[in-house]
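In order of appearance the chains are A, B, C, D, E and F, and numbering begins at 1 in each one.
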Amino acid sequence: MRGLVMTAGVRRLVDLALEEDIGSGDITTDALVASEARARAVIVAKEPLVVAGLDLARYVFQRLDPDLRFEPTLSDGDAAAKGMDVVVLNGRQAALLTAERTALNFLQRLSGIATQARAYSALLGKSATRLVDTRKTTPGWRVLEKYAVRVGGAANHRMGLFDGVLIKDNHIAASGGITAAVTRIRATVSHLTKIEVEAATLDQVREALAVGVEVIMLDNMDLPAIEAATALIAGRALVEVSGGVTAQNLKALAAAGVDLISVGALTHSARAVDLSMNIGERVKF
Amino acid sequence: MRGLVMTAGVRRLVDLALEEDIGSGDITTDALVASEARARAVIVAKEPLVVAGLDLARYVFQRLDPDLRFEPTLSDGDAAAKGMDVVVLNGRQAALLTAERTALNFLQRLSGIATQARAYSALLGKSATRLVDTRKTTPGWRVLEKYAVRVGGAANHRMGLFDGVLIKDNHIAASGGITAAVTRIRATVSHLTKIEVEAATLDQVREALAVGVEVIMLDNMDLPAIEAATALIAGRALVEVSGGVTAQNLKALAAAGVDLISVGALTHSARAVDLSMNIGERVKF
Amino acid sequence: MRGLVMTAGVRRLVDLALEEDIGSGDITTDALVASEARARAVIVAKEPLVVAGLDLARYVFQRLDPDLRFEPTLSDGDAAAKGMDVVVLNGRQAALLTAERTALNFLQRLSGIATQARAYSALLGKSATRLVDTRKTTPGWRVLEKYAVRVGGAANHRMGLFDGVLIKDNHIAASGGITAAVTRIRATVSHLTKIEVEAATLDQVREALAVGVEVIMLDNMDLPAIEAATALIAGRALVEVSGGVTAQNLKALAAAGVDLISVGALTHSARAVDLSMNIGERVKF
Amino acid sequence: MRGLVMTAGVRRLVDLALEEDIGSGDITTDALVASEARARAVIVAKEPLVVAGLDLARYVFQRLDPDLRFEPTLSDGDAAAKGMDVVVLNGRQAALLTAERTALNFLQRLSGIATQARAYSALLGKSATRLVDTRKTTPGWRVLEKYAVRVGGAANHRMGLFDGVLIKDNHIAASGGITAAVTRIRATVSHLTKIEVEAATLDQVREALAVGVEVIMLDNMDLPAIEAATALIAGRALVEVSGGVTAQNLKALAAAGVDLISVGALTHSARAVDLSMNIGERVKF
Amino acid sequence: MRGLVMTAGVRRLVDLALEEDIGSGDITTDALVASEARARAVIVAKEPLVVAGLDLARYVFQRLDPDLRFEPTLSDGDAAAKGMDVVVLNGRQAALLTAERTALNFLQRLSGIATQARAYSALLGKSATRLVDTRKTTPGWRVLEKYAVRVGGAANHRMGLFDGVLIKDNHIAASGGITAAVTRIRATVSHLTKIEVEAATLDQVREALAVGVEVIMLDNMDLPAIEAATALIAGRALVEVSGGVTAQNLKALAAAGVDLISVGALTHSARAVDLSMNIGERVKF
Amino acid sequence: MRGLVMTAGVRRLVDLALEEDIGSGDITTDALVASEARARAVIVAKEPLVVAGLDLARYVFQRLDPDLRFEPTLSDGDAAAKGMDVVVLNGRQAALLTAERTALNFLQRLSGIATQARAYSALLGKSATRLVDTRKTTPGWRVLEKYAVRVGGAANHRMGLFDGVLIKDNHIAASGGITAAVTRIRATVSHLTKIEVEAATLDQVREALAVGVEVIMLDNMDLPAIEAATALIAGRALVEVSGGVTAQNLKALAAAGVDLISVGALTHSARAVDLSMNIGERVKF
């Protein structure tokens, strides 16, 4: 039910993107296209993909032409076959030409993330294990990329440093151990926030359990260690696996009974999918 | 000689990135790390890579601790072997922890682009053909990604819509043909800007030559057509090849004698390379 | 350990505050004070109070004179007796005069909140019940006022709509009941976030328990109903009391065994405490 | 006739307020409310109050739903009885829920100031003495709070440091006396701006009169001193009383014949009044 | 065909301009004009002029009243006789009064530039020489003033430091000579950008030609030197004359066969032309 | 004593100016100048002028090189002879080259205004009449240009719509006459603000006097009418003359005994004076 949240940060990113491309003016379009000329355009999928970011693309075009009509034939999360029309646009020709690349750059990247997340999710089948993303997102794009991950069928870890406690090795070292860290943070953290601790050894897992953390992240453990840790935890905390996850071992990790598998590649290494815009094709006014 | 230009847009992107991650506060670090605590950290290459973005990473850390010392052992453009220290940092422990992910996210993406650009460039060997990027960059990141492309040894096409004329098929259609478009634009464009026209057929190449454009982009032609077009042009205009370029056919395209080969994947589909930060290792105060 | 977080939002608020007061210039000071003149000033408590916001006051003065020395004699959270010097300042006289009111306005309001929170907290004595604030903060001041609440010894509820789930009556109505709402939200919310539900009746408490929520807010119940609900919940969820809390009934509510008592007045109706600045007293250069 | 001025600063404050509350998203509403769902809501007075800030509340809601209908049943300055509907809203349910708290926080604070100002004003009855506010406003809220003061029937002192000369004790000390200060400032200040000087003694009052200032502020004098000073001034300058004003002595001060009485508490210590929003009550589409 | 580009920078300048004039409110209009009052106004030319900036003036008024109707009787570039109505406006009376001065200030300056550019252009008659502006524009106004220059019939040099290479004496000195500078820059600059070099002597002209620059700027040469340089260049590069150009010698310079004459005075010393706004004249509702 | 006020608006204008010139980068300097290279430069007066804006020029350079040394040999308000060095700079060569034009553009315009204001002021000799500016300033430059006017020896009218009441013909018409307008505004305006009314006839002067305004602006009256009005007013209000003022009639107007003469041309039509920067001259490191 949750659509794309056009936060203030997202709006600022769009403005930044339009400014970096348009700068002091689109000298080609300004010279060649009459400001009153109108056109029809279609955005077409050039390869099979899962669509994500339609509301964002609309927003980009409407920054340049508030009256532009942007009519998607699909919704975010729908699969598009190669050659399928994804959006039909009608508006000022100059706005269509000037905004085209920025809008497509957004759409191609977000749809690329959704497409890849769908593929990873499919590997898990009906498993109860949740596939989650990380904070390894493109700076400036956090809310957008986490949205695309959801569109593709995976789930989100925390949004940022502000909405979840994750005590990592460096925090543990700075605090004098897991017990000290958890005790101290429990005194200040909101009653709505669970505490997650990173554990690299079974001893750390034991210490985290003893101090009652709600989530334990098994950091870069191999499969046997993960199985041992999961057995040890035995449902007393949620178990997250992080590090070294690949499309190949995803299914085996899930089979080990972990609750969450986090994968940085969901956002940091997705390939842009191919979408293009054709102006003036099949125009009938 | 040209280093990373920290334009106003780049500074805004960094602020956006820190805000989206920190939001109302880093609740884990705020609770666990004393504000006066100081630490030493190193950023390490976890795989072979070409470094890009060091000045940017410094800027990110110094937004949170203006007095932090950021001492790279390499320069942008240097290759780092797996396991090599890339930067040594000394500063407030809380700033190191809070800025870590944002700084690494920038560095991993830019180094990923530089690493890939270096690999593509190597394919061209000593060819006079220039490998160039496109406007298919991550929105908000234009200046940064084009910088990483240069660091990797490839060159930049225009920065945006404002600093070069590129007449595409949609512009031609809107203007009533190549001749009309070029004639009109020549009357208004600055005397410092060359005119490039996209051509999909030999007839279009002929028309562009006749009207005296300085650069012709051969759009999505196959190799025989490219060879024919290059022979026809015969040095009267620069020749750019665009579309369908892969690592496989790059060398053959260059051998055809074209001046420029543009590759969108240089920016839109680079994989982030792996860098991590270790705090407190080998600290001796 | 957590100090005042000078988030991007706080910095923007300070700039807004200085702009609204200075506008096109401080016409009195500009005409009367030489730009090179320096002075010493002290900020004095004019009534007993708990100090909060010293880092913020420093930031305000240093926006106008980056080299100004701001030396507090107390720390945030310390009690000041009437007449006590709280800060000694040395810097440009014009900056002291121009920034005085804005800095004091911040300090008086935050110290007022801390002072009142200290008084409320004292009423709870050694009770395990946590006194928490609400989202009824001064718009633009969320992070600041929640900080002052902590300084005064109370705790924070969620920071905003982004870092905690609180299902209120309107959400329940929109979702078709507590069970439906909780089921739906559990499918999407981060594994680090607990779910709190507002309940106005014992039946709603039962439904919330049945669907396994982690926190139940008893909304505007009277004391007997609160006691009954707490007995019913019996530790299976955290219990928060909200609405109708006063200094008078606080202790009785805590005695009922609830985990959290939330009080909007902690932020929305605190009185500013009296602090003033004297320039040039006891100056000896 | 003067309504609420939605200055650029006010618009920035609203954006700051929405950002601090919504951040990366309203996770409860996003999960539970369909984006196309519409609802009706009413804002109700929960205690007797004077309404102030309706245009601002409309602006807050319309930032999230530009098509939302916001129909007040009262105007700013009207008294609302307990239980009275103040505004009827129709719009997107998600926007109503997400904006509710921010809009109410603005409305409760401004109405609280107007309500208190009305009470203070009533104490003055038909006196010719003007009750005025100060610069002791909530940072970021200057224009808003001064508006609420006017709505409540009191008047404004200067808006900031830019639109009126007020020579305080520190300025006098920095300038070498009242005569020197006034002489110097008269040479530079706009011919549209009157000069006000703070006086703590009758000698200072005499010096200010001699140099021809237009307004004299009697600072923290007791009633007999105020009466003596007013007699001495005898209409040759406006007389303002400042410091130590309470609801108790207000009437006596006015009776002393002063022109203006300034009261910081009008803005810095007003209590928020109670308003709440009910969604979905009596909805009939 | 190219109209006024309302870049992000231009929109920011307009906001800055409205803020600096309105600040905390238009105290005269706020007190005297009912917020619902509507009026008709006309903007009238008080002297003969060439109009420029109509879209900008509309934007200024519509920032204060989005529904205001702004109906020009002329277009940018049209000549207005003294006394001629240029625009008819209908909208909120308060918006008309508050925005009047800012809108006129923009219009008077841009029309002043266009009027002067038209006069300079007329001096060149049908010459093939292009009259161009410089970067000596009013800071913050670059895009606007360069637009007004085009409206007046002259042409633009580069927009800024980002869209054209111009190697000046200081660059030459820093690089060790023209040959070194051009060689180095050719290796990095986009293939769409021509290289221009400043030459103060015939020897420098020869060196520039030898290294193949596309444009040579003759800097502060007298007419005989310009003729000699032009003869030497003989069409192998474009020739620009800069420095010491006046209305008096413009024609002779063009007759010398140079391609471009740049004139800083086109923007830095244009006089504002006289336009005024009458409200309520001939109003018939 | 009042120096240049670097308000938030001024800082925004500088950022706007640097962005519009630098955009995505100074492609000439970036390619040719080593980032570590340092240089010395001087700013030289190329014609006789009154200097204004030195602090602003320093600010511009230091935005690009915070450590740059900017050492003026004169102060704002000093006259510079042709050829005189005005500032010596030492800093990064790239920063000097990139900031040069923007800094000079600011300095040339402000010094041009100061130079012209000095000339106008000289015409008044020792007259008690004050020469004042208007709101006909370059949008975005209000504070700067009014500062330059003061530097040149003239005085400022109000800064904007917020700090002075000026009832113009349109306001009078909207209010139903001078008496109604003044009565209404007196009820709301701050006690620190005088009221000025525009009068076009002697009857209007009489009405304004009768209602007790503090300042009367004689709008576009000829000299005999001005003399008659001044005689009629006879010191009961300040008299301002506006409209039709030229260097020729200035002295006669002053002789008529008016208090203020306002001249729009002081800001809207000043010519930029000639200043240039030489880099590397006489450098001795």
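In this text, a contact is a pair of C-beta atoms (placed from the backbone, for glycine too) under 8 Å apart; a residue touches a chain by one contact, two chains touch by 3 or more.
From a predicted model like this one, the values you see are computed outputs, not experimental measurements.
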Checklist outcome for this item: Dup interface of D-E (contact pairs over half shared, numbering-based), picked from A-F, B-C or A-B, is B-C
Next on the checklist: Over half shared numbers or under half: where do the identical copies subunit A and subunit B land at their interface, same or different?
Outcome noted: same
Next on the checklist: Measuring between Cα centroids, which chain is at the maximum distance from subunit F?
Outcome noted: A
Next on the checklist: Based only on mean CA positions, could you tell me how far subunit C sits from subunit E in angstrom?
Outcome noted: 52
Next on the checklist: Based only on mean CA positions, could you tell me how far subunit B sits from subunit F in angstrom?
Outcome noted: 45
Checklist entry - When you check subunit D against every other chain, which residues touch at least two of them? => result 1-2, 9, 19-20, 22-25, 31-33, 142-143, 159-160, 162-166, 184, 188, 193
Next on the checklist: Using the definition of touching given at the top, classify the network of chains in this structure as line, ring, star, complete or other.
Outcome noted: complete
Next on the checklist: Taking the touch rule as given, give the residues of subunit F at its contact with subunit C in the complex, in rising order.
Outcome noted: 1-3, 5, 7-9, 142-143, 159-160, 162-163
Next on the checklist: List the residues on subunit F that touch subunit E in their complex, please.
Outcome noted: 9, 12-14, 16-17, 19-29, 31-33, 37, 39, 93, 97-98, 101-102, 105-106, 108-109, 112, 135-143, 159-168, 170-171, 173-175, 181, 184-185, 188-189, 193, 268-269, 271-272, 279-280
Checklist outcome for this item: subunit C partner, complex, touching residues on subunit E are 20, 23-24
Checklist entry - Mind pulling up the subunit A residues that touch subunit E in the complex? => result 15, 18-19, 22-25, 30-35
Item to check | Residues of subunit F touching subunit D in the complex | outcome: 1-2, 130, 132, 150, 155-159, 162-166, 184, 188, 190-194, 196, 214-215, 238, 240, 259-260
